[in-house]
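Have a look at this one.
By written order: A, B and C. Residues from 1 in each chain.
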Amino acid sequence: MALTDSVRSSMTTATQHSQTATRAPARRRALRQALPYLLSLPALLVCIGILIPFFTAVYYSMMRFRLNLPMLKGFIWFDNYISFLSDGAFWNTLSISLIYAFVTVTGELILGLGIALLLVRPTRLNNAVSIMLLLPLMTAPALAALMWKLMTNPNFGILSYLVSLLGFENFKWASDPSTALLTVVLVDIWVYTPFIMILLLAGLRSLPKQPFEAAALDGVPRSFVFFRITLPMLMPYIITATLFRLLDSIQQFDIIYSMTQGGPGDRLMVFQVQSYLEFFQYTNVGRSAALLIVLWAITYALSNLFIKHWLKLRERAHGPA
Amino acid sequence: MYEKGRDLAAAFVRKQVSRRELIQRASQLGLSVAATSFFVNQAMSQAMAADFDWQKHKGTNLKLLLNKHPYADAMIANLDTFKSMTGMNVSYDIFPEDVYFDKVTAALSSGSSEYDAFMTGAYMTWTYGPAGWIEDLNEYIQDSDLTNPNYNWDDVLPGLRASTAWNGVPGGELGSADAKQWCIPWGYELNNVSYNKPMFDKVGVKPPKNLPEMVETAAKLTKDLGGPYGVGVRGSRSWATIHPGFLSGYSNYGQRDFSVSDGKLKAAMNTKESKAYHELWVKMIQESGPKNWSTYTWYQVGTDLGAGASAMIFDADILGYFMNGGDNKEKGNIHYAPFAANPAASAPTPNVWIWSLALSSFSGQKEAAWYFMQWASSVEHDLFGARKMDFVNPVRASVWKDEEFRNRIDKSYPGYLEQHDVSAPGAKIYFTAQPLFFDLTTQWAETLQKMVAKEVPVDEGLDQLAASVDKQLKDAGLGG
Amino acid sequence: MNQISTFERIVRGLLIALVLLFFLFPIFWILLMSFQTNEQILRIPPSLFFEPTLQNYVALLTGRLQTAAGNLDIAFMRNLGNSLLLSTSSVLLALALGVPAAYAFARYKFRLGESIAFTLLSFRFAPPLLVLLPLSLFFRQLHLTDTYIGLIWVYQLICLPLILWIVRGYFEDISPDIEHAYRISGHGWWKTFRKIAIPLARPGIAAAGLLAFIFAWNNFIFALILASASKQPVTVGALAFVTASGIQYGQIAAAIVLSVTPTLLLALYAQRYLVEGLSLGAVKG
C-alpha cells in the first residue's frame, strides 16, 4: 500500500511507525493524515478574521484618503509609496527605526544571554532572581515610560540627581538630541531584556546534559564548550527570542511616544510614532496605512529570513527526515 | 417672608431687579445670603423650565464621551438636576486625557452611533467638521422650538463664539457670517503669566510686562534664585507647544501663521518680525527655560510651578489656577498677571483653548442630545460650576459678573480676575483654520526644538519650515 | 559546570548584584513612590526619606480620591478586573489553540504546514494600528464592538503566535522516541499527547503562557479603540491619574504596584514548571 507524501516525509518515520500505519484500517489512516490539519486549523481560523481588515488597510494605502479633506479622496495606486522615495522624513524614519531595533535587540540579546548564563543553575536564589527580573517586563511600557520621564526630570528625578552627583550636572536625557536615542534605548533594554533572559534561561535548562558531562570529563576548556556546544544548541531559542523582540522593537511606540513624542526635532521619529500621528492627529489614513504597510513588509522580510534559518538549524539538529 | 423672598428672587431672575438691589432688599427682609441664593436657584430652575418643554424627550437615554477633566467633574456633580428636569437618562464614558482624542477619532471615524455628544477642542472641529462627523449647531440655536428662550447665546463671550464657528473653507475667517457653529464653548483658558510671588519678592522683580522684559526677568530669576529656573513654557514635539504662550506672544506682534489671498494659503512664519520673535523666544528658553524643555507638556510646566521648580510660567491661566491649590507645595504662592508680549501693544492678545461640546452626526437622537448640550452650557450650570466647582474659566459674560464667583476667585487667586478682564476682549483663536492644522503646527514645534537645540539657526530654520509648509499646502490643493 | 572556584563565585555574585541593581532600582523607586504623596514625590532634590502614607492605595481600593480639583471617581478596581478577565481568557484560549498546533508543526511535516505556521506568525507582525480602523468597522458589522468576546478574539493576535512559536521549539527538542514507545504499548494519540508530550514541553508552555499573559496585560490600544469605558484594562485606568490639574504620580505608582501583583503571582506559580527544565533533561534524547 502506497504511503502518501505527507506521511512519508514525516519527521517521525521510524520503521515500526510506518508498520503501524500500514496495519491500521483505512479510516484511521485518513484520520492520521488529517490530524496535523485538525490540530493547526483552529488556530489559523481564529486569526484569519484579521485578514479582512488587513486587506482593507492595503486598499487604504493606495488611496489619497484624508478624513478631513473628503473631496480629495480617490484611488491613486502606488503614489503614496512613490512619494516616500523623495521624502527625507521617510528615510529618516526608516533609518531611525532600523537603528533603534538593531541597537536594542543586540543589547538585550547580549545582556539577556549573559544573565541567563549567570542564573542557569536552578538554585532557589537563582530562581527567585529570575522571577524578580521579570518585574520590568510586567510594568506596562506606557506607564513605565511615564515613570522614567519623572525619574529623569532635572528637578525631581532620582536618576538625574544620581547622575549629577557623578558630575554630569547637565545631562538632559531624552530632551537632548545627542542623548535621546541612548535614553529610550536604555528604557527599552530595561523593559525587554527580561523577555530574552527568561526564554534563553528556559532553553538553557532544557538542553540535554550528556554533551556537557562528556566535555567536562574530557577537560574541554569552558570557552570551547560555550561556543561549540552551548551556543549552537541554544541557537533555535536565540532565534525565536530575537525574532519576537525584533518584530516588537521595530514597531516600538509606547516608550518613544511617552518619553519624547518622536522628538527632539525628528530624532526619534520611528514608524509607529509617525503613522500614529498621521492617523490619529492628521487623520491622513492613506499615508498612515502606506507607512504601516512598508513597516509590515520590512518585518515580513526579516522574519522570513529568521524562520528559514531556524528551520535549517532544526533540520540539522534532527538530521534529515 | 418666604413669599416675599421668592418674589424678589423671581424679579431678579426676570432682570427687573439688579444684583445689588437684590442683596439690599434681601437683607432688609432679613434673609441670609444662603437663603437668598436658595430662592434664586429655585427661581432659576423655574425660569428655565418656563416657556419650554424640557420634558419632551422624557425617557430617552443619552450617552456622552467625556475627557477626564474638572469641567466634566462639575457637569457630573450637577447632572441630577438635568435628569430630574427632563426625565432623560444620561450615561457617559470617561477616558483619560492622554488617550481621549484617540478614542474620539476612533469612534467617529468608524461612524459609531454609540455617543450622542462629546467634549472637544475647537481645533479638532477643523477635522471633525469637514469630515462630516459633527452637526452645525446654528440650526439648533436659532430654532426656538429646540432652544429654550432663556438660553441667551449672546451671553457667551463673543471671541469664543467666533472661535468655534468656521465656514469650512481653508483659511476662512473664524466667526464669519456664513460660518457653521461646530461646537458650543464650555470652559476655556487663555494664556498669561502665573508667577511665584515669594520668589519674585526674594529676587526683587515685578512680573514682566512684555517679552524683552520677560527674557530679562527670567534670566535674573534663574541666576539669583539658585535652583528654580526663570520661566516655564511647553516644548514637546506637538502642536500643543505652539498654541499657548508662544502663539499668544506671536500674535501680539501682529504675526500670523499663514497669509490668505484668493483662497490660497501661504506660510507666513518667515517674515522679518517673526524671525525676531523666534530669536527672542529661543534665547529665553536656552537661558532660563526648563532643562528638559523639549519633553515639556502641560503637565511638566504645571508641576514645576506647583512644586517650586520654576518661578513663572507663560501658559494657560487655569494651569496656574490649578497649581495654586490641591497638595501643591507652592499653593497660595501663585499670583497672576496679564502679559502683552509686544512692548508696543496696548493689550494682551491671548490665543485660547476652548473645551467645547459637539453633537455627533451619527447620533440617533440629536434633538435630545441638544437638550443636554444647552443645559450643560446654560447660565445656570455655568454659575453652579464656577461658584462651587473648578469650572474655570466660565465662558459666559454674566458669570464673570457674578459676585459670588468673583469673590471666590479674588480671595484665593490674586490677580486672576484682572488678568482675565484685561485679556478677555482680545482672547480668541489666532490660528488660521485649515485642515492641515495638526500636521503643520506639529512641524512648527519640531522646528522650534531644532532651533533651541542649536541644530539649525532661527533664520534658516524658519525659511525651511515655510518652504516645507508651502509644499504640503500645495500638495493638498490649499496653497498657490 | 560543577566545580566552581571561590573567585568565580564572587564574580557571579557581583554580576548578579549589578543586574539586580539595574533592573530593580526603578521598581524599588516606584514602590517607594506608591507610599508617598505627590508633594513628597516632587521634592528637590529627591530623597529616600519620607513619612509613608497609604492614601494612594486607599484611594485605588475604595475608588474615591481627593484632589486639587475635588473628588475623583476611580474605576481602577474594575479596570483591574477587566485586565484579569481579558488576559486570562485570552491566554487560555491561545494555549488551547496554540499548543496542539505547535505540536502538529513540530511532529508532522505536512503539506502547507510551514505556510500555515508562517501565516500565523505573520499576524504578529501586522502593526496593530494598521488593522484598527478597518477592524472597528468590521467589529460593528459583527456586533462585536464593546464585547469581551470580541476583545479576547483580537487578543489572540498578541498571544497565539507567541505561544505557537515558542512551544513549537520545545516540542522539536523533545525526541519523538518516548512518544513512540508509549504509542506502541497500545495508547491512543490523544493520551500520548496529553500524558507524554505536554508534560515534557511544560517549561516551554509555562514560559510562553507567562509571556503571552504579560503582553496581553500590557496592551491597551485594542480595548481603547474597540470597547467602552467599562471594559478598559488597568493600563488605561492608570492613565486616568494624568489629570489636567497635575499628574498624580503617587497613584500611578500604586496602580503599577497593584497591576504587577497578579502577574507576579502567576510568575511565581509558573516557576515550578519553568525550572523543571533541567531535571527533565535526563529523560530526553
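Just so it is clear, contacts are C-beta pairs under 8 Å (C-beta built on N, C-alpha and C of every residue); 3 or more make two chains touch, one makes a residue touch a chain.
In this text the structure is predicted, and so the values were computed from the model without any measurement.
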Centroid-based (C-alpha) most distant chain relative to chain C: B
Two chains sharing the most C-beta contacts: A-C
Gap in Å, rounded to a whole number, between the CA centres of chain C and chain A: 15
Chain B-chain C separation of Cα centroids, rounded to whole Å: 41
Chain centre separation in whole Å, for chain B relative to chain A (CA means): 43
Two or more partner chains touched - positions in chain C: 42-44, 133, 137, 220, 239, 242, 247
Per-residue multi-chain contacts in chain A, two or more chains: 155-156, 279, 285
Touching two or more other chains - residue numbers and ranges from chain B: 102, 106, 109, 303, 307, 309
Chain B-facing residues of chain A, complex: 66-70, 72, 149, 152-156, 170, 172-177, 259-266, 277, 279-285
Residues of chain C that touch chain B when the two form their complex: 37-39, 42-44, 67-72, 132-133, 136-137, 140, 145-146, 220, 224-225, 228-230, 232, 236, 239-247
Footprint of chain C on chain B - complex, ascending: 68-70, 73, 77, 92-99, 102-103, 106, 109-112, 114, 227, 298-299, 302-303, 306-309, 322-323, 325-329, 389-390
Chain C-touching residues of chain A, taken from the complex the two chains share: 5-6, 9-12, 14, 16-17, 20, 33, 35-37, 39-44, 46-47, 49-50, 52-54, 56-57, 60, 114-115, 118-119, 121-122, 127, 129-144, 146-148, 150-151, 155-158, 161, 190, 193-195, 198-199, 201-209, 212, 216, 236-237, 240, 243-244, 247, 251, 253, 271-272, 275-276, 279, 285, 288-289, 292-293, 295-296, 299-300, 303-304, 307, 311, 314, 317-318, 321
In the complex, chain C residues that touch chain A: 1-2, 12, 15-16, 19-20, 22-24, 26-27, 29-30, 33, 41-46, 93, 97-98, 100-101, 103-105, 107-111, 113-114, 116-127, 129-131, 133-135, 137-138, 153-154, 156-157, 160, 162, 164-166, 169-170, 172-173, 176-177, 180, 183-184, 189, 203-204, 206-207, 210-211, 214, 217-218, 220, 234-235, 238-239, 242, 247, 249, 252-253, 255-256, 259-260, 263-264, 267-268, 271, 274-275, 277-282, 284-285
